[in-house]
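Look for chain A in each of the two complexes below; its partner is chain B in the first and chain C in the second.
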Partner chain A sequence: MDQFWVWPAAILGLILLVLVIVKLCGVEPRDAAALMGRAMQSPDFWGEVARRSAVLGLCGLSVVLSFRAGLFNIGAEGQLLAGAIAATAVATKIFGSETPWFVGMPLMVLAGCAAGACWSLLAGVLRVWKSVSEVISTLMLNLIAIWLLRYVVSYPQLLQEPGSNFSQGAPFVESLRFSRWGGTPFHTGVLLVPLILAAAQVFLFMTRGGLALRATGLNPVAARACGIRTLRLGLLTFGAAGALAGCAGAMGVMAQGYLPHALFPDYGYMAIAVALVAFLHPLAVLPSALFFGFLETAASTTQTAGVPNEVLFAIQGLVIVALLCRGVRLPGTKREDAPA
Partner chain B sequence: MSDPNFSIDLAAAVLRIGTPLILAALGELILERSGVLNIGIEGVMLGGAFFGFWAGYASGSPYLGALAAMAVGAAFTLLLAALVLRVRADQIVAGMALNLVALGVSNTAFSIVKRGVTMAGNADNFRAPKFGALFPNLTQIPLLGPILCAQSVLTWAALFLVPVVWFYLQRSERGMELRAVGENPEAAAASGVDVRACRLKACLAAGLLGGLAGACLTLEFADTYAERCTAGRGFVALAAVVLGRYSTLGTAAACLFFGATFAAQDRFQAAGWSIAPELLQMLPYAATVCVLALSLRRNTGAPAALGKPYVR
Partner chain C sequence: MSAPENPAPALLCEGVSKRFGSNLALDGVNLRVAPGTIHALCGENGAGKSTLMNVVSGLLQADSGKVEIHGARAKFSSPLDAVAAGIGMVHQHFLLAEGLTVIENVELGRRGSPFGWRFKRREAEQALAVLSTETGLAVDPKARVADLPVGLRQRVEILKALSRGARILLLDEPTAVLAPPEVHTLFATLERLRASGRTIILITHKLAEVFALATEVTVLRRGKQVFADTLQGLTPAELAREMVGEAADIPAPVETVLGATVLEAAGLTAPGEHGTGLREATFTLRAGEILGVAGVEGNGQDELAGVLAGTHALKSGRIRFLEKDCAEVSVAGRVEAGLALIPSDRHHEGLVLDLSLAENLFLRGAAGAKGVEGAGAWPKRFTSAKDLNVVAASRLREFGVVPPEPALPAAALSGGNQQKVVIARELARSPKLLLACNPTRGLDVAAAAAVHARIVEAARKHGAAVLLISSDLDEVLHLSDSIAVLYAGRLKVLGSRGVERERVGRAMVGADLEPAPA
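Now for the complex of A and B:
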């Protein structure tokens, strides 16, 4: 950050890279740009950006908390799906058509948070008591959750819509859906995300718990010597990170109105990029999530012109690579550190 | 179930499905013993799967396909090496970045290449040849003959590499240096070993093997590339190294075990068991988590410097 020219240079490089790929895909860059220009004038586009950014923001915050505590919980994807499944189960199996929103919606979110936390704590418990690396267990739990979702939406005795030929959940009653603003994908739940991020910022930097969490991430041995119960803190962090991702899943289905066959694929991995671009600061997750949410929406827009939207993964990977090269470090792995 | 043909068939399937796992895990083992963790192995395999397929398809030769896959795998791990060894980035984050880059590059390249061409269909010409086809006499050996000769040359390469890697790691001087680098890089450097060069070579080896493992999936299992065709196999290979307690033979055995869980998937489905296919799909991953949970003790056998950046 000592040299300010790198940021404009990086953005310029990104634009050039995208143009080259667009050209390689046999699409005239001018056409793609025109398509983007038209799309960006519609409120639907920006509503979609907000909807995707909300999910990325919550998952990004989940990653921020884990990384700050020195935990490589990369299972936001699975925790998100667990939350979505639980919220759907509550909405379609417990509540009938007469449920008022102020009863149903909080319970759905709670169920989503609880399911996400449980899914994450599976990895947490294995890490604490069996020293199974959370990297491997969360990656496996992601894959398991993807198939769990496909499982529950494929059988009517589970969550599939009865009498439907499609693998998807039954639609929620109207009162359990987030209302869309002016017909755009923007929904009420989006407004909660900045509040949660601000709360997390206060927690992480202005409370004892936040200090303990950061201290543990920086140096677990020293933290333990200071009387911090690092194991308990680790488990709590796993739970909180899972709850955030699960909340994102619950809000995702409440905006969608039903449980689809696949939900926010790979957002859990994108969340790592979101967290790193935010330099692991909760409030900075907001612009970072908006940036990636915009890229996501732009990619699915230009896909209609024939540009494969998988390009986005390469861009995200390169963004992380660039950040790592710029010396972005996780807590506890500073450049000057001698290996312990 | 007691039908001998069924057992032979199953053993052959376990070997075949275990092949990419063994190849990838051996590469990962060498790399981890040198102190570098490569979470990006899934991406390396995916890159190998696509570019191996593409080169094989374009040239019509499975050998060129395998070579291309290995080259791409090595290129991807060189990116990891640059991040981990030069800028001393966190290994797990660098590995995830590698996964994203590889996923993006492979799938984008696939979308571009497949445009206007149907790439599926009869692709026998670039399939990895079966060993039995090269040496028909060996098929006559009872029991082992049908199991081993039904395998492609890739399986034979994997089985051949197991003792080679064991010898290299446990008995050769270079292997000892590499293990020393993974356990205590400062001491190794003090005794005159170039830590970064050693880890760089380990990265290259892991890339070559990981790329070849990916090529198995497209050159042998399927006739075409599918997005995400690695389906977490790289991560399973990662787990196999942990389960094998960082020993060569243990890792290979763990790979065969996980290969068996993948093979069991198809068998259960074929046997008409009334288990939902979606649940069977979870089997290898659930087995990985459960077996790791049951097997691990405090002393995991991991190299002491695994995952730690080295500062001269």
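Now for the complex of A and C:
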């Protein structure tokens, strides 16, 4: 931002706004604040923040890549679940307790990436073949994935835990699960995320392919006239975005230890907010994801004091609106013409 | 302040400055235009002519300096203020709504119309008729702008300005898209308007126009005013020197040795979006040959370039590039085979305006086409922006791009300099076939000469086959080994170098055709 006071003023304003909303919900701000203060001192809280931010970070990166390529792929929600389902299928149906972790876990992650990529490519192929708008197709595929998950954990022949009355999958064996660090929700998978973000930054701004992708998103006509294969690039981007979200889903379920009937609800959509707040820069996705991860965890914490979850969405919406006023370029928008 | 015999100048700019980020577009510019005259404003690309006129017409606010209209201090916060003060601007790229009729365009955006809130069509048409009689500019008010040729569209733009009560008319490169007969008409129009008491400021870099029309001239160079005087006793060579700083070098034509056939086109037919499309175009092109296609815009030029590049669908016909049928080959494939394209619309097809100059220069390298080696090839697998900038900086200087800052976004450059970047990119490797569409449009004398030298060099030294499609007749006559004309979608090869200018001009407007069979 241009002036130095903008960011502190914005944060202050946000905190005040939150306090007002909390009061309107009939909760004393002091109680909520005290609750938060206690929570923030426990390592469990921060472990939870890290766990959620990891998922948001990978999905946010997925959105960043798509938007940068000019594709309005908002299917991270569904691709995430596809990855989780695939990883679970591999863990419970193919591998067993004899599988060592260094074989089983990477393969589970790979399965997650592949499933997410395929889920995303469904929309990609429809776009190329039948000119179906990816906004609609990815949105619909999200809904399909949510119900697919419920379906799959309701039948013992599929992924439901045998002999259980609950719609959820069987627990993974120890060797195929991320262990908790010191009892907190923090797990090894979280550490992968900054590495992947850094790799994406290098790709986007230091390689040939990254330049081709950015050019295609900003001016596909000029890119094609230069010989960039925009069609192939688009499909590859669909695949990569799906793989990232699928990886997030796989790692998420590996940390959870089993497949529940609903996983990371609305995280795929939050990832769009994460991407926009990061101004579509891979490295900035890290603080952005942490911010939203913190909001998420704070929301569940204050829920016990009576603050409804929806406050979280209100804050997210305000943040996005404020940032769009600042001018983040969305795919498909035209720039104003500079003086000739 | 002014002596009784000297009326206040129609337009006075003193010390006007304007900065865009790190680019000082106008540096204390002075401009004095006497009333009732035609004043020429000349300069290279990036000199600041368009910026100055945008300030005068209210589109931009100057950072400092003052502007006076007929002696009265003027502070325009929007184009509406300028229009109210009697300033009318006709832009290089017309601002007309193509789907609407002439009268609707003329009335569009009028504030406080005397006709009230309802669009009283009859009264508007009558007012337009009165204006047409007074100025001698006739246009059918009910015609759709989309159906009008460029010369008439320009006339609508002029009428639009005049109907708002413009006493000072600014015209930005008005003859850029006109055919020779239309240019004569425009000259007569401007002289008539001047005689009726209006003041005209002509932004142009064509010296022939300056000497034909204007009585006084102001020259800008790199944002500063370097010359202002009457044209009495001034020679074109002297004026050109003021504009470019030193005499422009025009390459002498060289004896050509032609190589193997590079491109064979037979019966190319393609439907047109905005023009007439392409009809049965047939020609061949050999290595080292420059085929110039002259013609007024909208006669099939875009379609011709499009089908050869692969961006426009071909309805029928055959294209053989380097002995291989390539009608089905993608753009990327043709680029790999050695095609280079200088598109006619640099903003939409040539550059990615939000990327830096360095990134734009390496766009072909980014495509990863196998034919890209030498300059323009991607340096290393992982190249930071800084490394890219280093390599790009020297290329920018080599091609005379101003300012040669590789980190600047392409949108920050003036149109002419943007074109130089496109050319620097396309000629980076030695292409086998170069499609150059209006390569020097909007460029000044020196820059155009440099571009011409590069094109000739590509053909003579590197053996490229060059197809030059241009609405600038002088350019085509000057550079080409063979000359053809596109009219109404039909390509007619007229002959080799030495064809008479008059003959080409007639073919451009279809004056030499027999009436088409019904």
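In this section, the second predicted complex is superposed on the first by the 331 of 340 C-alpha atoms of A that agree within 3 Å, B and C clash if a C-alpha of one lies under 4 Å from a C-alpha of the other, contacts with A are read in each partner's own complex, and residues count from 1 in each chain.
Heads up, the rule we're going with is that a residue touches a chain if its C-beta (ideal position, glycine included) is under 8 Å from a C-beta of that chain, and two chains touch if they have at least 3 such contacts.
Fair warning: this is a prediction, and the values are worked out from it, not measured in the lab.
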Output check: A:Leu312 vs chain B and chain C. Expected answer is one of first, second, both, neither. What do you get? first
Task = Once the structures are superposed on A, label A:Val132 by its partner contacts, choosing first (chain B), second (chain C), both or neither.
result = first
Note to self: Looking at A:Ile144 after the superposition, I want to know if it touches chain B, chain C, both of them or none. Which is it: first, second, both, neither?
What the structure shows: first
Of the two partners chain B and chain C, more of chain A gets touched by chain B
Return first, second, both or neither, reflecting whether A:Phe72 touches chain B, chain C, both chains, or no partner chain. first
Query - First, second, both or neither for A:Ile320, with chain B first and chain C second - result: first
Chain A positions within both the chain B interface and the chain C interface are 329, 335, 337-340
Note: in the complex, chain C contacts chain A through residues 20, 25, 50-51, 54, 59-60, 92-93, 309, 311, 330-332, 334-336, 341, 343, 347-355, 359, 362-369, 378, 381-385, 411-412, 414-415, 425
Chain A partner, complex, touching residues on chain B are 39, 79, 83, 87-90, 92-94, 96-105, 107-108, 111-112, 115, 185-186, 227, 231-232, 235, 238-239, 242, 276, 278-279, 281-282, 285-286, 288-289, 292-293, 296-298, 300, 305, 308-311
Note: in the complex, chain A contacts chain B through residues 21, 24-26, 72, 74, 122, 126, 130-133, 135-137, 139-141, 143-144, 147-148, 150-151, 154-155, 269, 272-273, 276, 308, 310-318, 320-321, 324-325, 327, 329-330, 333, 335-340
In their shared complex, chain C is touched by residues of chain A numbered 202, 205-209, 211-212, 214-215, 218-219, 221-229, 329, 335, 337-340
